[in-house]
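Common to both upcoming complexes is chain A, partnered first by chain B, then by chain C.
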Partner chain A sequence: MDSSSDEALDIIITNVVATFRTRCHLNLRTIALEGTNVIYKPEVGKVLMKLRKPTITASIWSSGKIICTGATSEDDAKLGARRLARCLQKLGFKVKFSAFRVVNVLAVCSMPFAIHLIDFTKNNRPIASYEPELHPAVTYRIKNLKATFQVFSTGSLTVTGPNVQAVATAVEQVYPLLFEVRKPLCK
Partner chain B sequence: MSSRVCQTCGGSDIDVDQARGSAVCTGCGSVLEDNIIVSEVQFVEGSGGVSSTVGQFVSADGPAKAPLLGSGFHVSVGKESRAQTLQSGKRQIQQLGSQLQLNQHCLDTAFNFFKLVVSKHLTRGRKMEHVIAACLYLVCRTEGTPHMLLDLSDLLQVNVYILGKTFLLLARELCINAPAIDPCLYIPRFAHMLEFGVKTHEVSMTALRLVQRMKRDWMHMGRRPSGLCGAALLVAARMHKFRRSVKDVIGVVKVCQTTLRKRLTEFEDTPTSQLTIDEFMRVDLEQECDPPSFTAGQHKAKMQQLEQELARKLDEVEGEISCYKDEIESELEKSRPKLSGIYAAYSKEISQSTPAPEDEDVLSTTSEPEEMDSEDADLQAATQHLTQDFLCQVIQEEEGHGKKTDEGFCEQEAEPETEGPRAFLPPLSVILGKLPSAASLGLQTFSESEASTKPSDEPPESGELNLEGIDDQEIEKYILNDKEVRVKTELWMKQNEEYLKEQKEKEDRINKEKEEGTYKEKKKKYKKREQIEASTVGEAIEKMLERKKISSKINYDVLKDLNGSTGGSSPLTPDLPSGTPTQKRLSRRRRKTSETKPDFSTSTIIMRKRFRCLISATPKKKALPQAEHATLPAAEAKEPEAELSPDAIPDLGSASTVAPPPIEEEEDEVEEECVSALQLVGDYGCEEEEVF
Partner chain C sequence: MQRSGLRCPGCGSSNIVNDDLYCHVQLVCVDCGTVVSEGSLADDPVGGSDVSYSRSTAVTKVPCQNLKKGLSRVKEMCRVIRVRRNIEDLALSYFQQAYEHENFIRVNLTKKEVLAGCCVLVSCRQMNWPITIGTISCLLNADPALVGGVYKDLLKILKLEALTVGIIEVLEAHCQEYKINSDQVPEELAEDCTVLTKRAKALVELAADSWIVTGRKPLPMLMAATYLAWQSLKPNKHRLKLSLDKFCRLAKVQKSQSALTRITELKEVLCKLGREIPWVRETVTPDSVIRLVGDILENRFALLRRALRNHEDSLQAENVVNSPNKETASSKPQELTENPPAEDRGHQGQESESNWGKRVLFAPPCVINRKRRRTEQPELIVTGDEEISDSEIDSYIRSPQEVRDLVQAEKMLVSSDKV
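Right after this comes the complex of A and B.
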């Protein structure tokens, strides 16, 4: 996909957040008392349930809305969500699996060169924002893809976007901009 | 004015005489205008021949002082608020700015930013302090003054990141691209604070050079500029034989010790640090370094690689050592002295158990027995075999050295068996990797992984749960059995007693109220606006006011007096015969305000304010008169509407999403009402301005 570089850039997805609905009311107390690996938070009104495989942490609300975080791929997220629904089914609730949607994907990527942040900001005002007093990285937002980048001077970046495809496209888009402000490493 | 046409003759040549204040047509001589209001500056000669201007300068920011006579207070209820905001903002800016020692030009610029911010409604929901601070910092950045966000946060005692957030938002909204911070800007300021006396300038120069060198070595990327400055100043001071300690510098520069030391270390790593002072002042090295965090990352990667290699090499060495150990053991066996008494019994026991496959039992009973209830025998045998070898050899190597001479060898053998797995896990885990951890910790996980299936394909989109690829057995493990449930319930109940008590009390309270009939169900607030349903006019007003927030800038007392002085229910019972239509209009007004779109904002603002005045002024009023009037509605309403519609339709062309006819009628009412309200109330002079 990276036509502008010789070697492929490794985009590693570190977190996928997804939500789905069970379309039925859930009794949090039952889940809290009869499930393993659950944490009940009555002040907020939700139950945290952790699955081991795939490693997923789910926030379960009594309305039937569930948010799953911690998966490393979209498929994993879906599998984990289904596992979770199956678990709830076994606890006795009439769950249905509906409205599954991946909400956020976080990925990290490392460029083989260092980046001159000040020049990068100058070239890309006002989309890029750099405040060294507050945060060591430049924040670059792509509006139409709804993706946000954090670019560090060492060449590593973190990307967040609505899905994996958007993230990949966003990295491709930003690569040439980074390439022109690179600093060739001497070692 | 200049292109006016004379009504009499049609000529366009009109002579305007400013002195007389008249406009006369030169064609026919007819006077078009008399008493023109003159807006020129006039001069008057005062005593002693001094000429001065007539009149006052009025500030463009609105009536700041001395409201006009009589009707003055209500000059513009809306504008007054804005003017007040700007005034207080200006005051705060002056205050804060003088503490920072900013010059007047900067303060004026900051005030201009503030005006922009207020006009864009960005002050809503934010503390005034934060907004002011952000405006000031914006000015500092654009002017390039050596003020840090930290200084502002120190003065205000606010978290610097909160100020930063506000600052970033304002910069984005106002489209102001502040140039990046240059550490060189701060050097003179900090040098001055460090009191170098006469040599301040020289030290500054040296420090500047150092900072520039650091910039070229990529040390400033992503770091706070004050840290760099601190390091540079420290070195420069030492170079010029000033004794400034780290503590002095960090007090001035506002970073912590660790940061300063880190910067110094990083600078030390660059080749420039190897130069002598004179060389540094003269020569500039060409080579640039990599950013320090990058080198640190690479260093870490290298260390990891080295560790892996070491681990591999250790394995090989292990193999060699084990051979030697075997030989030595056999030799020692032969030459061991015969023991009597207790030790004999021990040695017999152990020598019996060591070679047998029940070794695992010994291990398991001494170490973690509970994990040994797994089903997989093969794994166990393998682990047992491995532990047998490695345990004996490696542990003996570590712990046996000191003990060899003291106690008997039989005891040594006993110890590794017993203590081996436990004390042993940390060092082994590094060398051997996963095997001992699997043996001692969770063989369950092994069995689980074997039993599980691979992830499935994408199931079709439906409400039903696709059970492909989900292993029920595994899921069962996530659910506790009855006994466990009971235990957990007990624990949980104990833990959350307080909360449960609260919940119970709440329920009791609700039940009691239900019985008494005073229970008010609290509906959840939805973002979509609901229609106000009220049986009486008064109710409707109340409900609407509940929803819309009443402004804090209206002085209700005065309004109360106003309404009170003109007698009880003055606005509602006007002199005009259109009393009842007014009532109906009121009711319709209310409906309108609840449905209205922002297009009619000005008129609704008027309405809203009037309502508030009315409501606040007339709490004691009974709903009865209003109710009566409100019931008049439909029939009589039609008549005035009919007359109004032809007039008003051309005025208000825009229609909202509601059906045009009703809206137009309502709009007409609005316009109509504005005029009549003026007559009614008399002193709402402001409405004139607002309507237009």
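Right after this comes the complex of A and C.
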């Protein structure tokens, strides 16, 4: 990536979503009663628990499946998930931390140049989709990496992908396509 | 005639014959005289036998009512927009295909109507006929977001590709909506449509070159360009005093809120170019630039080149002045070794980010007016497998006393509700 630019690009991870299972049934009423920082939603059948450090919000279902969102790195997500499992253990459930998996990573990247969106769409016709009346960004999907980009004319990108490595590879792949449509005023 | 296989419920004999009473079919047991079964008059349901509409042959002869309505709606819309015949036929064929698909067959009627509009939109786009999603939403009286969603689904399901419509192509149709001919408004405010379109087109091209158009909704841009074009064609006192609101009311067009910001941005760009005109002596302000718009647009390429060259020259001059200062500044960070390296890099990154927007003459407005990011907290190195202490976890669990208090409070609330 550094070979094509003078400065390294900063890819800032803003959100990591991970899931894991506790292999035991959880009583949501007990969690709601004895846990702090907890919101009980009986109509949906889940409990929202917020941890302070790392800042993670977890959705806990009575089947023992838990989804953690809000972490800023994969390791952070794992630490938060383990902390949550320990917390549930202390509440009295026979928790076994298993099947931890990072499901989605959202990252933000900023190019040091503006991007001409119409040219970008024309160059990448079926893969890129641009409707200025609906959304100001071009949506570009890389199928084999399962990554989706939102490219804005200011040079900012948001990327979502299954893990951090896929996101980094996807940004490397898309950089040359963006570089060729940074529009200099050549009049 | 004997009927085999049937047994009489009364005596059990199998001696059953067909004994019709006039037109009424009856099966009668010969031995005891019981009527085993009667004919169609009593048994068959009213209106014919029990076969559903979809399994009968009628469904192939007569197409679904909503499909017919949808097809006629497509035709109506094509006639209203006055498109060519081949676009109409293409839209009809797309609607026929899409209607049968599972995503669209069991949706509510609003969505089916929106589907009709989207088929028209796709066909127009594929045949290079300029039309916006806004126009279709107006025709259907539907939410543009819903129209957009159905449009994207349609493209995915029928595996179609449609070109993004260019803003210039829509401009002509947009300008024709403005009712400012000489027979509709007073002479000093009237303008010919072709002249207006030409001037507005030049303004939109200039805006596209200076990053005002990319990523924005097209309609406010078109409105801003038309308004400024109208003002600049005869910059007399009346026209300059008329605000966008009053202009839209005069031309009987609905005003768009973001058009005001576009007008400001476009005027700024015009000012930057106006300052490069060699024969203009007084200072160029957004108010006074309207009179110069004609000259600016005629010579816009030359003025752009000039402006960029002057900007580069001034930047180089600044760099020469700043570089002795920069050399002394760069030695300082090396001395402060206690600063964590991440913070330093982050700070420099932020500086270079904000700089590139200010370094160039024309950039997207969001980059020039970039919001300052909140300072990020220093990142801790986390592996995910660290030890978790008990005290940390205890902070997330209520103590038994707290639980008892909570249960009591709930009981009190419930009882007070009942009272």
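The definition used in the following text is that the second predicted complex is superposed on the first by the 181 of 187 C-alpha atoms of A that agree within 3 Å, B and C clash if a C-alpha of one lies under 4 Å from a C-alpha of the other, contacts with A are read in each partner's own complex, and residues count from 1 in each chain.
We adopt the following convention: a contact is a pair of C-beta atoms (placed from the backbone, for glycine too) under 8 Å apart; a residue touches a chain by one contact, two chains touch by 3 or more.
Source: prediction; values computed, not measured.
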Combined model on chain A: chain C and chain B, fit or clash: clash
Touching partner for A:96 - first (chain B), second (chain C), both, neither: first
Contacts of A:41 with chain B and chain C, given as first, second, both or neither: neither
Partner chain in contact with A:152 - chain B first, chain C second, else both or neither: both
Partner chain in contact with A:25 - chain B first, chain C second, else both or neither: neither
Which of chain B and chain C A:130 touches, first, second, both or neither: both
Chain B versus chain C as contact partner of A:82, first or second or both or neither: both
Common ground on chain A, meaning residues reached by chain C in one complex and by chain B in the other: 33-37, 51, 53, 75-76, 78-79, 82-83, 86-87, 90-91, 114, 116-118, 121, 125-126, 129-134, 136-137, 152-155, 185, 187
Of all residues in chain B, those that touch chain A in their complex: 148-150, 160-161, 164, 167-168, 172, 175, 177, 180-181, 218, 220-225, 287-291, 293-295, 297-298, 448-449, 452, 455-456, 458-459, 462-467, 469-470, 472, 474-480, 485, 488-489, 492, 496, 499
Sites on chain C touched by chain A in the complex: 132-134, 144-145, 148, 151-152, 161, 164, 166, 209-211, 214-219, 301, 304-305, 308, 349, 352-353, 356, 362-364, 366-367, 379, 382-386, 388, 390, 392-398, 403, 406-407
Residue numbers on chain A that touch chain B, as the complex places them: 23, 32-37, 40, 42-43, 51, 53, 75-76, 78-79, 82-83, 85-87, 89-91, 95-98, 114, 116-118, 121-122, 125-126, 129-134, 136-137, 152-155, 183, 185-187
Parts of chain A lying in touch with chain C, wherever the complex brings them together: 7, 10, 33-37, 49, 51-54, 72-79, 82-83, 86-87, 90-91, 110, 112-118, 121, 125-126, 129-134, 136-137, 152-155, 185, 187
